[in-house]
Amino acid sequence: MFASFVHTVYTLAFATILLLVVGGALLAVTARNLIHCFFGLVGALLGVAGLYYNLGSPLLAVMQVMIYIGAVCVAIAFGLTLTRKQGEEGMRPLDIKAAIPVVLVVAMLSATLKSLAGREIVASARKIDESRIGWMLLGDYLLPFELISILLTVAVIGAVTIALINRRI
Amino acid sequence: MNSPLATALARIGIDYRPRVPAVGLRCSLHILPEQIRSLARSLAGEGFFIETVTAEDMPEQNRMDGIYLFNHYEGDMRLLVRVTVSRSRPHLPSIGRIFPGAVWHERETAEMFGITFDGCPDSRNLLLPEEATFHPLRKDFTGV
Amino acid sequence: MNGYRYLAGIVTGSVSLLKGMRVTFANMVSRPHTVQWPRQTAPLPARFRGHIRMLADEETGFPRCFACGSCARICPSACITVQGRKPGDRKKKVAVRFLLDFTKCSLCGLCVESCPARALAFSRDYALAGYRDTEFRTMDLLEGLASPFQF
Amino acid sequence: MSISPVTIVCYLLGISAVVGLNAVILVWLERKVAGHMHFRYGPMEVGPHGLLQTLADGIKLLGKQFLVPDAADRPLFLLAPVVSLVPIFVAMVPLPLGETLQAWELNIGLLLVVALGLLNTLGILLAGWGSNNKYALLGGSRAVAQILAYKIPLLLCILTIIMMAGSYSLRQIALAQKDGWYILYQPLLFIIYIVTITLETNRSPFDFSEAESELVAGFHIEYSAMGFSLFFLAEYSYMFIAAALASILFLGGWQGPFLPGPVWSLLKLYGIIFLLMWFRWTFPRLRIDQMLHLGWKILLPLALVNFLVTAGVLAL
Amino acid sequence: MSAPPTYSLESTDNGNFLLNLGPQHPGTHGVLRVVLQMDGEYILAADPVLGYGHRMQEKIAENMTYLQALPYVCRMDYLGAMSYSLAWVCAVEKLCSFEVPERAVHVRVMACELNRIASHLLWWGAYLLDLGAFTPFLQAFADREQILDLLEYITGSRLTYCYFRFGGLAADVDDVFLRRVEDFVTGFRQRLPRYHDLVTGNVIFHHRSKDVGVILPFEAAGYGVTGPCLRGSGFAYDVRKCEPYSGYDRFEFAVPAEQEGDCLARYNVRMAEMEQSLAIIEQAVATIPDGPYRARVPRVIRPPAGEVAMAVETPRGELVIFMVSDGSTRPCRVKFRVPSFANLSIFARLARGQLLADALAILGSLDMVIPEVDR
């Protein structure tokens, strides 16, 4: 009785996370209002963080929140607040080009599901030591790590540039 | 006596006749509407500042006087300038492009007395409502 | 040199902030200046100008006002209405109606100064409140005073 | 991973109690501090020295109508206070307020708290945008500009501490200061940290997003009743979290002589909150570009130099 | 010198928008409305909209006797009401050539200077409030309260005093008052360093006010800027010195002036002015003679026909009452040349290209009283 209640709660929590990911992603691509798109993206990224957590890596989940929501999304928001010109209303987000990613995603998903069919899915990764991640990032994966850090710099510089283009004073 | 006031007045050919400053005025002039701009330009060149632009309504004599007060930051050089205009169609040249601060005074005078300031950069009402067309400081104004 | 100025700026700036914080802290531990009205009241000065009130004649207890109307004439906001009548046995008139429109009064005190009978004085009421504006629109200053016309 | 839902519900109730009580106390404290700094008494009428004034105000706010402006973006407008408030409940989970007083010992607790602190800005942006009011919009965009300036020095501060303690766990960090609080080793870092949390909690002299004399009330200009009080609750809860973090990172958390742990925790925490209030009632507000200058040109280099020096000392 | 700002309600493309600052906004100190055309946080153009508190004071004065208009005059500038009363009574005294007893002159100067300090204190607090600091406002109030107590002691009123009369005062002052004034002067002198510690030296305050809202000297003349705003731009023009009235030539005081013309200069001028006012009050208390407080003047004032311009240095600058008398009991034409009006007219010029926060700091530093602008 109690166990089933716990199970229900977990299922509900997982369903919420899924809803956040899928709903957020859909909102991000279909909403006509730019800020709605933005918050759809935030929701989707938060949901992904939840997925990471469910997969047993809280560190990754927290990093997801910190980097994607804290840094990337804030940089996007910064850009948004500086460039409120066109696109707030009347943008047509769905045209024929939108079909391409949809087709790709459907193909990828079906392939994944097909390959997983019949196997048991275990939602638990091995517990990893954070310090090992640190050593790996500063050792074997130093170059990719540094390359990724450029992403944020570019985002910030991009925001500043966009801001400066229209500055008349 | 080589005060800025005398210099400014001499430049446009007006005699400088100082008054006893018991009434707070160093000099009082009565000039023609055409002269006001050149006077203002000459005063601006000597460093005078604009104190106010206003008017006085005299319905018995069927005239209206535009009144300008100038003063100098060196002190005690208040100049009163009166310019008589017709009460029925009052027009004055604007000095708003010479003294930018005069624009507000002219807007106020225009709405209060119905004097049109030709060439004033801004002719909206200042203190009265935007759509008001009455002129409350005229003596015959008794209320809306 | 620039680096020195940069650091010096940070240090002097921080010191100035600390100075300010010292002042506010000193404020905090000093005694508050407020008067906790209505539990405490600040002293009213002797010349306090409240709304005007009518003084009574010491002998008769009648209003001192003889309705000359000089207060009503001098009042800039025309908030005084005064009427008088002559009692049979006296030479002077006595006010029978003295209304103050306190909603218009600007408390300038010109009426008190102009009164030839010294019949007006400032009251010391300052916390007036009422349920209707009419209570202050027509304040009857003769209320509570005796009248030669009452029988 | 196997915490029963009942425990979770208990924790949530406990955290709600802390959030609510903290807000009540802080609002009262803020009014009192402000009052006495102004030669006033502050609230005096409801309860002894006005202790219950906040409660009365809360009840009043409950009874008020929550207005949604016609022109507002309704879903965003309604979502904003929730987005501001909800992360607090999660961020309070790993905070240790005593030896045993901790909802959940999490090995990455510090990162979690810092990450969730970011969501406050999103709440402000949401409110600013959803209100469809120019003042609110300016407030929202200021909040976003602000976060870019203070987050990096803040993270550098935290990284330095992590480096010194060798752990992300708040409990471990506090325990690592058994022999000497980090404030003794890192006084400069403490100052930088205090400045950044003033920025993070949107308090004067950095209250740009609500800047009363410029933007009237900034991002929450259109909020009334419960919407407004939720923002209020969020603001004071973020203060609580930021101050708790400061007491754990620099002042040894609950550790101290004579008194029990939670008492020490609260003393340090409210001491830091008092410092924030003291700032607020002393300083004029900076201009937004001066704040950016402060963040990028003063705090960031100082924090970076401090970080490098600490790393060097630790490596030796 | 440039033309006034032009803006159009339609030009909101390219990210610009119009911001309606006021008429109810904590930064405008009254019912002033400023329409701002903004590009993000920057102001492209500002257009002050006046008249929300317009009461037609000039027409009121023309419809009243000289004495009746006296209470109304105070209502224009409720923070410097003494100076306004003084200007009105001095204008009438000049028209009628009344003599004022020496004692009354001293009390007038004392009351006006106390009022000036009170007004500057309020400005000090309100300006810091504009910059986002709260404590200065009430710290200033704590001291201002003492001045109001003093003025209430002699006038019976705290804000709109109506204390001066033609030829003197409404009532005499006593020794208690003089002693209290002396106490206040010494006490306030001791408290002034706290003001400087809290604000003047503060690094944030310096950043917010230095090089912000610079009034250039030639602009000051073009707009007729007066008072501390003018003296912050390098002109030591003070009516009390240039055209001494009401016995100001008997007292020794300096006219503080600064060269920079920014908000900080205006701030420093006002702070220095408070000290000068203290010096004047001190001298007035020390030299106050015995004697009548009011000259005998006719009960009905009927000045000879003529015109008079009476200039007075109010806390905000030069007030000129221009009065035309036609020999009747009522003035024929009264013009109030109010200092805030001139000082506000330069605001649009100063606000252009500034950040919103700076514009409000500039507005605060000009020390406006909106009922005075609107009249």
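Read from first to last, the chains carry the letters A, B, C, D and E; within each, the first residue is number 1.
By definition in this document, contacts are C-beta pairs under 8 Å (C-beta built on N, C-alpha and C of every residue); 3 or more make two chains touch, one makes a residue touch a chain.
Note that the structure is predicted; figures quoted are calculated from it, not measured.
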Minimum number of chain-to-chain touching steps separating subunit B from subunit D: 2
Maximum inter-chain contact count - chain pair: B-E
Identity of the chain that, by mean CA position, is farthest from subunit E: A
Central chain (by mean CA position): E
Chain of greatest Cα-centre distance to subunit C: A
Interchain centroid distance [CA atoms averaged], subunit B/subunit E, Å: 24
Subunit A and subunit E, separation of their C-alpha mean positions in angstrom: 59
Separation of mean Cα positions, subunit D and subunit C [Å, integer]: 48
Whole-Å separation of chain centres (CA-atom averages), subunit A against subunit B: 69
Shared-contact residues (touching 2 or more other chains) in subunit B: none
In subunit E, residues with contacts to at least two other chains: 40, 135, 139, 142, 198-199, 202, 204
Sequence positions of subunit D contacting 2 or more other chains: 37-40, 141, 281-283
In the complex, subunit A residues that touch subunit D: 2, 5-6, 9, 33, 35-36, 39, 42, 56, 58-59, 62-63, 65-66, 69-71, 73-75, 77-78, 81-82, 130, 156
Complex interface listing, subunit D residues touching subunit A: 1, 4-5, 73, 76, 79, 106-108, 111-112, 114-116, 118-119, 121-122, 125-126, 129, 137, 140-141, 144-145, 147-148, 151, 168
Residue ranges of subunit E in contact with subunit D within the complex: 17, 19, 25-27, 38, 40-41, 128-135, 137-139, 142, 198-199, 202, 204-205, 207-208, 355-358, 360
Parts of subunit D lying in touch with subunit C, wherever the complex brings them together: 33, 35-41, 44, 278-279, 281-283, 298
Subunit C-touching residues of subunit E, taken from the complex the two chains share: 64-65, 67-72, 75, 135, 139, 142, 145, 149, 152-157, 160, 162, 170-171, 194, 197-199, 201-204
